[in-house]
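By letter and in written order, the chains are A, B, C, D and E; residue numbering begins at 1 in each of them.
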Amino acid sequence: MNYSDNVGVVFVNEGAENNGFNFNELKEYARKLNKVTSIWDIQEILQKGKKWIISEIKEKNINKLVIAGIEPGFYKTFLANVMLECGNNPEKVYLASFSEYAATTKNDIDKAKTIIACAVYNADYEKIVDFGENSVNTNTLVIGGGIAGIQASLEIAASKNKVYLVEKSGTIGGHMAMFDKTFPTLDCAACILTPKMVEVGQNPYIELMTYSEVLEVNGEPGNYQVKILKKARRVDLAKCIGCGQCAEKCPTRTPSEFDAGTKLRKAIYIPFPQAVPNKYLIDEKVCTYVQTGKCGICVKFCPVPGCINLDEKDKIVEITVGNIIVAIGYKVFDARKIEQYGYGKYPEVITSLELERLINASGPTGGKIARRVQDKKGFWIFSPDEIYEPKSIAIIHCIGSRDENYNKYCSKVCCMYSLKLAHLLKEKLHDSEVTEYYIDMRAFGKGYEEFYNRIKNEGVNIVRGKAAKVEKIGNDLIVRAEDIENGKIIEQKVDLVVLAVGLEASEDAKKIAQILGISVDENGFFNEFNNISEPVDTHKGGIYVAGLCQGPKDIPDSVAQASAAAARVLQSIAKQKINNRKQNFSISEVEAKIFNA
Amino acid sequence: MKELRIGVYVCHCGTNIAAMVDVEKLAKELSEVKNVIVARDYKYMCSDPGQDLIIKDIQEHKLNRIVVAACSPRMHEVTFRKALEKAGLNPYYLEMANIREQCSWVHTNRNEATIKAKDLILAAIKRVKWHEPLDKRSVPINEATLIIGGGISGISAALELANAGKKVYLVEKSNKLGGIMNQIDLTFPFLNSARQILDRKLSEVVNHPNIEIFLNTEIGEIFGYIGNFETQINGNKIVFGNIIVATGLKPFDASRIPEYGYGKLPDVITSLEFENMLKSGDIKTKSGKQPQSIAIIHCVGSRNEKYNVYCSRVCCLTALKYINQINSVLPETSIFDIYADMRTFGKYCEEFYSSTSRKNVTFLVFDQKNELPKIREASSSDKCNLIINFREKLSGEIIEVPADMVILMVGMEAHEAAKEVAHKVGVSMCGNNFYIERHPKLDPVATTTDGVYVVGTCQAPKDIPDSISQAKAAAARILATIEAKTVDVEVTTAFINEDLCCGCQTCIKVCPYSAISFDAVKKVSIVNEVLCKGCGTCAAACPTGAAKAKHFTDVQILSQIEGLFSYA
Amino acid sequence: MKPKLNLAVYWGAACGGCCVSVLDVHEKLFTIVEHANLVFWPIALDTKYKDVEQMPDGFIDLTLYNGAVRNSENEHLAKLLRKKSKILVAYGSCAHMGGIPGLANLFNKEEIFKRVYFESESTINPDQVLPQPHYKVSEGELEIPEFYNDVRTLAQVVDVDYYLPGCPPQTERLVEVFLAIVNGEQLPPKGSVIGAKDKTQCDECKRKKSDNKLVKEFKRPWQIKDDGETCFLEQGVICCGPATRSGCGVRCVEGNAPCRGCYGPPPEVADPGAKMLSAIATMIDSNDPNEIQKAIDTVVDPVGTFYRYSIPFSILRRKLL
Amino acid sequence: MNARVNLNVKKDLLKYGAKDWNECFHCGNCTAICPLTDDNSLFPRRAIRLAQMGLKDKIKENVVPWLCYYCGDCSKTCPRNANPGELMMSLRRYLISLYDWTGISRLVYTSKKFELIAIVVIAIFVMILYINFTVYPAGDPNKWLGEDGGVLINNMAHWRKIHLADLIMAGLLSFFLITNIINMWYHMILKDKTVKVNILDYIKGLYLLPLHFITQKRFSKCDESVKTYWYIHLLLVIGYVTMFTMIVGFLEWFQTDKVHPFWHPQRLFGYIATVFLFLGIIYFYYNRRKKLRENSKYSHHTDWAFLVLLFLTVLTGILMHYFRISGMPKLTYITYLLHLMIAVPMLVIEVPFSKWSHLAYRPFAIYFSYIKNLAYKRK
Amino acid sequence: MENKVNEKIFKPKIVGFLCNWCSYTGADLAGTSRMKYDESIRVVRVMCSGRVDPTFVLKAFKEGADGVLICGCHPRDCHYHEGNYKCLRRYHLLKKYIIQMGIEPDRLRLEWISASEGAEFAKLVNEFTQKIAELGPSKVKQNIETFS
């Protein structure tokens, strides 16, 4: 039946100038395909009109159309209608969308050709780009120890196969460990996460490598050789008893990453009390001994001989794995970039992540709100001595998100976490006025809308209208916004402003992409193999993405994705074979397969 | 009975408990209770050091019963059971007193809360005395999986498992695989072809040697337990180890909303009906004319207490997709998009919204909660078919929108088969008939019934990639259990004491799992413990006291009640 | 030859049936007197309370106390016999569980007096005279036992060694127990129910049983045409057999009457009525609240049905006042 | 009857220069960032909304476009780059054409061609009149020179004639402008049934008219960065008003045959005004050219037309002045002609029908909104 | 007057039998959502409301409960299919019994609470506590103690 196909290819070259695609080359290629009898540019069709293209199609006896382009889908409906009016089957309009398989740069021209050819010959691109099957090493590498990495590791370890979990910082747990509560159930984040962390620490099938980074990856799907840099922890994991005497005596302080900089930690430290592993490590960047060669107080006070080795050097270990799951997470938007909100200028303006720590019972102020002050050494911290009860609080949504001046995309979680923070604030400070400023309230998940309704009923003011600025007028800090639904200007005098900062790709994303040979999009998030049907695969076999590094998402979606990535790994382990999907290939390698399909 | 040596551990949970319950005082007072050898309070009992504390005490003080007063047992019972096990004690010698979720968090009077906590702990102490050691049992796993529902979620899960070399039975109620996705033309936000994606998957499924497809089939009663389920399909017995439920969605019935006149006004159509027009780009009103203007109304049946409170998650983006598609074929047609909150939260979806707003579209906002737009037939002077009348929220103006066609973005509801399937496989549903997952955050695909997973829109509204992710996540679980070869089964089952059973058989019809049968020779009823899920209804019904719900025995519960009042 | 045992039988608040059941030993009486001296048995011997009081403590080897504890005399004798006896057996349903007299716990003393001394159809009491424990007459002070507010089981008054249930107990069981003591057999642990089995009635019941115990309506025995073969419950008649110890020989059912529970609950059951109630309710074949209510309406008198012999023994012991 | 959505307004506004504004997702940032907004004047967002829905009556009665001075903060911080500032600008243009009952304004704004033709036609008309009513300085040039060497301009084009023409023109312009303002008043105040304005209100607010006409006081409320802009705009206004007053009001004094000394007010004022005007023109031209500020990023054809015409007017004026004082009668005559051929179309088109009408609409809008507020408050 | 004073002092004690899957989870949800309710309730967890033996209820009254609350999944939502119906049947008969025994019927209550109904649970407890407070202390325990 396919042989009777008489295919016309319509090229949509929108966006080509940005991507550097050579459409002429693609057209030439398409012309050579034996089923293709006509080639048009969409521009030409639009100019000459519908009647013209109908007569063209009729004349050339074309019964199938392929629309090729970076994002050609817009014209599908139009051309289906054209086919209908030609008396053809409107279903025989196929899309050859390059972006569907992230073929969006000029290096991807062979991929684009393959996509066109597959559409012309009804071949399955996903099958075509599998270059046979490799045998699989049953070990798996998981990069990133946040909730996604943890979930994926546990999932695989449950099958009694080895997992290497590599985490950059001194503990697993990631951002989720920093949160106070999770929406919409208000489960305490630590309560549900720490058992999982402990499980990772105890699982005999998981080899945890904290304070480590992936340096180099070689090999092919099913058999990757990975070089891992184990940064010198300078504290012996086996010997440290976690007594904390070293940290007590350590003279050097630096902002604590875990506390989002709201408080200081020592140069020798445990990231947080429930850290896994619950052992100390030394931050070489601030350690006086490492920096100047003088100090070593910690060694003196350590009760375990030989536990602290200040001269320990970084080590490189090599492992071999069959599959790799990337779950490196995200970073939050730097609110300093938007001047009008006064972050960094007014101490009362804080980010949502800082508030998560402040409001957390294990945070710097024991769950109380404090004013940001500068300590003697110039660090801006939240001190328990500065606790106050803000009477009026503004929470401003979409800081750095949904904004063409910063990040265009929606960070997906801010609406909900803001509602949660409003609830927590309201709970702690009964009399205070909490106001949320939003654009669109995105309460989309299971139980989210119900949560939103509940917060509204709790007496939180929810104002449609993005607050535009925070400014000091006299002694008052004023948030200015339009209350759209009530048609008025709000000038709220506030004691605390919380900026609901968006999420951005991790600073390591590009580097990791390079090491692994996979690609990131313009925002720095990893590209999936197919954004609809293969949401965890990448363009390279045996490498999967999970969690926030693929795009902003909430915890259940991250967990589901992590499990899905684990499924891909387990599948290959179960059948002991893995598809040899390549990131780069040339059209000649696949042509024969397409024509035979 | 050996001498009772009870250890009591009261958790501060940071300040979660300690703020409302005087845990230190409790620990002190409890240490004086009979049989209590040690009573301690600790910051985080669930933490490693907390657990170590228990383990050390068990070994040092030869404790043989442990009471942990902390959070809900639903949270950490497993954690502490593991700790007991580590210390060499049978894990079922543990009892938890829930002094957080059901005490410190819900009360405001510290004194009263402390008294209540003490009651709860004393009850636990009384109860734990009667605890019996129970042994974990594991059963081998059948490698096959039953998937109920042949939509995109079911198909994705089937492929994931089948490609791993595992047998899959894919049961679909209708005569066609693909489910709702069959009706969808393009996907958002890239406007890729849904059909091409589905075709690819379908051709793989249909030809897969490991997938057995049953169309036009409804599942029968399912017997068994994780690793070893069985049922009849078309008269043949099939056995399988796990079940994935992917029963999918049912579109909201728009005729329930009187304001929209769906069913009465011919040019008011639902999104899925419109989707059908889009496949051929043949957008026509009922009278066969090209519409000059089309209005799209969001949140139809969603986000409104009268219908469904929840958000259906995909309608906003679907509407944006329609705008593009209408614009593709009818560039001159004006489009009005009437929304409540624009929920374009996915990857590239905000960008999609942005690019769509450059099309020939006017976005308007309505109050989906209190003031639904009213659609009426236009008069002959109006030059359009329909008039939509509502208060536009972003201007406060009451306006009329002329349209030749109105598309109602109907929300998602659970499939009508969901309830029946829920009963057959033993999963719970929330008020709105979506299945309840084991944990909304950390276990979104498993259910409270081992070996049964829920994926896709039967769990909550979601889009295609999220459904696929979930399907794969469920497959991961199943593959991991299969790889692990065996699985632990329920140990808190019912048990019938043959020495007491009189053979009255009252219990047999009571059992929802047909786990009890009558032994005509011994003249007693007996429980098949692998079928039993431990509800204990038989124990309550048994007039002789022969039937016993392990870990929830009469004496345990009666002692617990006694304990609640032992301190007054 | 072994020395003879000293045997006592006493009746508290009882109908006398228990004593008759002792008499029912018929020719086995000779066996009993062969092994025992009857030292106290008000129904048969003219032994005075004084005589008993004068016996040394533990003088009596075996006392069968039947009847519930209703008044101060019952209580006094219970305590006295306890003191004087090595083994005190609560004999019969009344001593065991309160029995039929226990139904009086649905009323209080005043109500009972009012009914009996003022209202009952056969009473003429124009002076509204009520019995007084102490009443002065010219001859001196008369003393009659004080009528208590509650009916108690024997065990609620004194320590009981064994319970021999039944209304009345099967005479054969008594003989078995007696012989066991005589023969010095290993006695069961204190507090045991003797003369009855751990399993319940159905175990011995010859009627046909199935799992088909689904009922839409409960019937009184007269409402059905008993086929004499099918389990009463399956015919919709409440039979307390499943929650009642066997040992009686399924007497009632054999006589085509449903079991009413005189033998009391099996060992693991704390409250016999509650258990039976639970089982019966479970059998209702409907999930519709209205239908359920309808079925329950046909259970005319739950207390009388499920607690006929056991109100004082039950968890609640008596009606709230 | 409820307001019917009308998309024609939306299409129309594109012609008036609106850009990308359909991308607005109504976050309200623009309204909140604007220093001039308050509860009674919410813009730009609300105005955008009304325009999107095409509620023409609501737009007509709306004063807010006139309250905006286009500092550009809204466009700069707009998360959608939807150019709310430019939308306000185009709404002002749109309103001008709505107030104008003749329909000329609409044609000027929506058609480049029409504007060009109108300018040319008026210029030719001016030329015909000029040629008919003036005397060409033919023959001996010295005949046309005064004692001080300056051209005897009143011999060629007597100030009376010109003045008469000026007055006729001014009258005409005023007529159009005033009738348009009445139209504006009618829509803003009279048609708005929600308020009842009494006569006292009109008197109370009267002072606002000259104040805002001259100082554009509200403009200075915009934030610091626009200060320069405001100053230069003020200079331009001063220059223009000075010139206009001298020419239209006191032509006899201004158009003299005698060449006054440099410090003579006639010349001094003229120079100062010219410098102000040039400064303004150069500044605004540079701004538009380089798209330095938000308000100069997008230029409508009427914006350019205005700048060019003004520039040419001033240029020809100064040239004529130069030729006059340097005693070059022919050139003086010709430049005078050119000057009029440019200045008149400029004034005729710009003042009642196009950009320069804002000099009247703005103070009136502030005035109207003030009295409306008074009425609201009373309510 | 005296009554009022008593009411003030009287702190009802209520025993709640909650099924593990719906009601206990719902009660936990009330906790995680920090909804506030009266301290009166003491919860006994059972796997299913069908496990609730009338004996438990009587025992609770005997030990001094002023009220007994049984909560299960909503009809047709039982995790074990029909356990809640079995509970319903027993509840009605039990109620009939306790009425005969002179206990105020309002002291025993059966309600359906789903896993998502934290708020409903909190409301129920408060309402029930209020009801019991109106009824005053239960006399069952005293009655048994003075039994002679």
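Criterion: a residue touches a chain if its C-beta (ideal position, glycine included) is under 8 Å from a C-beta of that chain, and two chains touch if they have at least 3 such contacts.
Everything quoted here is computed from the prediction, not taken from an experiment.
Hopping across touching chains, the smallest step count from subunit A to subunit C is 2. Common neighbours of subunit C and subunit E, by the contact definition above: B. Steps from subunit C to subunit D, taking the shortest chain of touch contacts, total 2.
Central chain (C-alpha centroid nearest the global protein C-alpha centroid): B. Each chain gets a centre from the mean of its Cα atoms; the one farthest from the centre of subunit E is D.
Chain centres here are C-alpha means, and the one lying farthest from subunit B is D. If you average the CA atoms of subunit B and of subunit E, the two centres end up 27 Å from each other.
Separating the CA-averaged centres of subunit A and subunit E is a span of 47 Å.
Centre-to-centre separation between subunit D and subunit E, using Cα means, comes to 80 Å. Centre-to-centre, using mean CA coordinates, subunit B is 54 Å away from subunit C. In subunit B, the residues touching two or more other chains are 75, 342, 354, 394, 510, 537, 540-541, 554, 558.
Counting partner chains per residue, subunit C shows two or more touched chains at residues 270, 275, 278, 282.
The set of subunit D residues touching two or more other chains comprises 25-26, 45-46, 80.
Per the contact rule defined earlier, chains pair up in contact as A-B, A-D, A-E, B-C, B-D, B-E, C-E. Of all the residues in subunit E, the ones that touch subunit B in their complex are 11, 13, 15, 20-22, 24-25, 27-28, 30-32, 34-39, 41-48, 50-53, 55-56, 59-60, 63-65, 73-74, 76-77, 79-83, 86, 90, 114-117, 122.
Residues 72-75, 98, 100-103, 105-109, 112-113, 115-116, 119-120, 123, 419, 423, 426, 428-431, 436, 448, 492, 510, 512-513, 533-537, 539-541, 549, 552, 554, 557-558, 560-562, 564-565, 568 of subunit B are the ones touching subunit E in the complex.
Only residues 340, 398, 402-405, 439-440, 464-469, 480-484, 487-489 of subunit A touch subunit D when the two sit together in their complex.
Only residues 293, 334, 336, 342, 353-354, 357-358, 361-365, 389, 392, 394-395, 397-402 of subunit B touch subunit D when the two sit together in their complex. By the touch criterion given at the top, residues 106, 148-150, 152, 156, 270-271, 273-275, 277-278, 280-282, 284, 286-287, 289, 292-293, 295-296, 299, 301-303, 306, 314-321 of subunit C touch subunit E in their complex.
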